[in-house]
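Naming follows writing order (A, B and C), and every chain is counted from residue 1.
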Amino acid sequence: MSFPDLLKIPKIDKLGVQEIVNRFCKRSIKTSAKKHGLHLALSMIDLTTLEGKDTTDKVRRLCYKASHLHNSLQGLPNVAAVCVYPTLVRVAKKELEGTKINVASVATAFPSGQSTLDVKLSDTKFAVNEGADEVDMVISRGKFLAGEYNFVYDEIAAVKEACGKAHLKVILETGELDTLDNVRKASDIAIYAGADFIKTSTGKISPAATMPVTFVMLNAIKDYYKKTGIKIGMKPAGGISTAKIALQYLVMLNETLGYDWMNKDLFRFGASSLANDVLMQLQKQESGYYQSLDYFSKD
Amino acid sequence: MSKLNLSKTWNYAAATESTNHILLKEKYDLFINGEFVKSNSKKYFDTINPATDEVIAKISEANKKDIDLAVKSAKIAFRRWSKLKAKERGKYIFRIARMIQERAKEFAVIESMDGGKPIRESRDVDIPLAANHFFYYAGWADKLEYAFPNKTPKPLGVAGQIIPWNFPLLMAAWKIAPAIACGNTVVLKPAETTSLTALKLAEIIQESGLPKGVVNIVTGAGNTGAEIVNHPDIDKIAFTGSTNVGKLIQKSISGTKKKSTLELGGKGANIIFEDAAIDQAVEGIVNAIFFNQGHVCCAGSRLFVQESVANIVIEKLKDRMSSLIVGNPLDKNTDIGAINSKEQLATINKYIKIGQEEGGEIYQSKCSISKKGNWCPPTLFLNVSQSHTIVQEEIFGPVLAIQTFRTIDEVIEKANNTPFGLSAGVWTEKGSKIFKLTQELNAGVVWANTYNKFDPTSPFGGFKESGFGREGGLHGLKAYLKFE
Amino acid sequence: MERIDVLKTYKIFIGGKFPRTESGRYFHVKNDTGELLANMCLSSRKDFRNAVVAARKVQKSWESASALNKGQVLYRIAEMLEGRKSQFMDELMMSGSSKIAAKKEVEQSIDRLIYYAGWSDKFQQIFSSVNPVASSHFNFSVPQAMGVVSVIAPNKFSLLGLVSVVAPVIVGGNTCIVLSSEENPMVSISFAEVLNTSDVPHGVVNILTGKRKELISHFASHKDVNAIIYCGHNNKELNEIEKLSVENLKRVKIYKRKNWGDQKNQSPYFIERSQEIKTIWHPTEV
């Protein structure tokens, strides 16, 4: 691990990114390809609740949903993980015992990241000690925008160390980074500092995940892989609420990083309402009828 | 460098555009003086779907007598059309634009069936741009005196227009819209392999109530075109096609009073500097050479990559090529469709063979290709130089010749080292470099950090052997006016 | 004893030098009464070839000189011509002009040079456009010099005609090779002397004397010439030019005007005729 050469980070042409993203969005995914894509999407979901009002009960219900997506459909995969605040990790961990569903915890003074390194590290260690398999940290955007890239890098590296065996997802909060050039720079800093995943957003800032932002991050992952052979994961989060959008992301992933990335170990959707829309689409494919949300459990 | 696995493991299922809603006749006659009339030759030729080898329809072959009738009807129509109130002239053209929009999907499907281009392109590029072109020039009809200060513009008379097979409807729009907006009348001949959308346009023109004879559309091959060029009552020839045919036309009208504009071949240089936005530049390379199977006169068929980034650019280009989908033009996911005709496929294959014989290193992306129809996988040539045939001559197919360079002066010299001068591309994030290059490159269109963009308001046309005259924008009016 | 006049040797003008024709040939120029006025160089295709080399060599740097600079160079030509007004009047009168006509022609030539000097930094604004494309691009079109232009100058108005055709060509950044009036070539070589003592870079204007019949085919066929301007009415010549120009799709511009003194024969459209339009696209999203 070393600090990336900022001078060699490729520049981004926004219109060019928008054009290719439009092409991905125009792919028409039907029948068997659609079913395959929807199953993949389900298996990649980090079912998320990150509210101030979250309770033990709410997390329990979410975990039950995570392992019982929809009883009337056969052969459904589970979601990849449930994502909660550190104080609720223990609850989730207990509920998900015996499943292969991971527990992810946000940490490091989520969502603003405005705190000292000590607080961030103890936040992280707490979550890991409570049993978190994955840690979703936020970067210090203020420092990043002030050009203190070394600070951002060092902080990520320290959190990575504090994670121990837990996987680290680094949230760039791209909605606050202003330009795609910054998104690319932040991606490289996070990757070189030791991120296992890079993630777009906290979900608390608009815009959250977008296709252009995700595309730029995928290219950072691609360049790192080409250089080192190491595969970094990607997690767009927030705003991906329909099966249609999820499929567009998967098309982009398929044509940018290829099939090796098309599994939950390297790609996640951070979403709360996506699962039900995917389930509706699958049910429609099964039955031939358009569905109503009233037939899908909300937790 | 570690390799990505971009083989198509997640295969998008077929997503074929429906052909139920299109109306096609078995036989198409000539559109002369507002009516569809049988040719005097009594001959028909087949128009073939290049993706399936199936005959779509029969097309009438116009002979000398037919051309004479068409030109005469245009000449008679000119008397009234050129005197019609300009704003009324404009309203007819607006109407045509709207009717194309209404029937856009039908046109897109027919364009893809007849010409082999992906439905994504005919739907998103060809047809909307064609409609927009009519819409743009419609507005000019009653404003011409503002375009040329201190001049009094007058229409020329009868324009003979001969268009190619790569953008059939769009080229018809590029030709017809400014011509009739300026008060001329038209005899237009589409290319023999792609007559259908021009004939469908004739239907629209008929429905629009445009006065009879203002636009005549006649079909046939080179001989038919020659009859138009040589007809004594033609006042203007507008031709888009190969440089060779352009020169023949120009020779045969020399010494006559006929005016001409020619949009001919090209061998566009696409230049990637080390400080470019590399991933978008790679996409730009793909758009530059594989758009419309490379059947584009302004295609970026000569790639120049700065040496320091050559390896990564080529690696990424190969990655991108392996995710391109070659196949059924009517499938909404197809990126690269069928080669327009057997003849063109033979030409492309001839050049690929020459490229290899001359020592070029070939790379083609893997794609499963149907046995029927005309196909060519996206192709790169490495280890070639300015003296290789495939670097000098226009191939008009999905074949890219790649060279590297070190300095700005070197690449400018190489880029300009061609008899053509239609288009060029420049990729760098440094503004002053863009302006240096756009000033020095001898090309009628320079795309900086983009490629193969078109717009009705944007003049298009070449320097040197790429032809003369501009189409599009204010400058495109001049080709259809005189100022005495 | 009466003083013997010193007669002037008329040579040709290539790359800022006054060589004799490499062919060594000459032709007589006589006045109305048949009196010999001068032996003029009968330029050959090789002289033309050399002139094209000179014109090509300097074209890029002339084109990239600032518009202001080009305007000042043209103005300087006018200044120098003004200073030698009487010499030019004499030469025009020797070849048959009345004094009034000669004076008018020289003065109009000076004024025309100043007219085009003033256009040097303005015509671009007349012929450029910003094109409002529907996509997120900034798109504009600008004129650019065609390059090397060969010029068959008018036979009548041997000075004013030449100035009227050459000024708009060079003010637009082109360089040129001119075949002077065949009937009255002397004045064109004196004009070359004016050019050479102005600030015109060597090779921007090259002037040959000789026979249209011999040279037109080379002016039209040379593949390193981008455009040809023909002044005249001879359909045979025109036909030949149009046919040969096809070889490299040379742009052919024809002036059939008879009276170059007419004010209608000056306008920025004369400059536009030796300009190409170049269109440039760039994205506007950051």
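The working rule: a residue touches a chain if its C-beta (ideal position, glycine included) is under 8 Å from a C-beta of that chain, and two chains touch if they have at least 3 such contacts.
Just so we're clear, the structure is a prediction, and the values are computed from it rather than from any experiment.
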Innermost chain, where centres are averages of C-alpha coordinates: B
Distance-maximising chain from chain B - centres being C-alpha averages: A
Distance from the mean Cα position of chain C to that of chain A, given in whole angstrom: 70
Mean-CA-position distance for chain C and chain B (Å): 37
Centroid distance [mean C-alpha coordinates] between chain B and chain A, Å: 44
Residues of chain C engaged with two or more neighbouring chains: 137, 283
Sequence positions of chain B contacting 2 or more other chains: 449-450
Two or more partner chains touched - positions in chain A: 13, 15-16
Residue numbers on chain B that touch chain A, as the complex places them: 1-2, 4-7, 9-15, 120, 124, 275-281, 283-284, 312, 315, 323, 332-333, 429, 449-450
Chain B contact footprint on chain A (complex, rising order): 10-13, 15-17, 19-20, 23, 26-34, 36-37, 40, 219, 222, 225-229, 250-251, 254-255, 257-260, 262
Chain A to chain C touching residues, read off their complex: 13-16, 18, 179
Chain C residues within the chain A interface of the complex: 136-137, 283-286
Residues of chain C defined as touching chain B within the complex: 64, 126, 129, 131-135, 137, 139, 141, 144, 146, 226, 235, 238-239, 242-243, 245-249, 251, 267, 269, 276-283
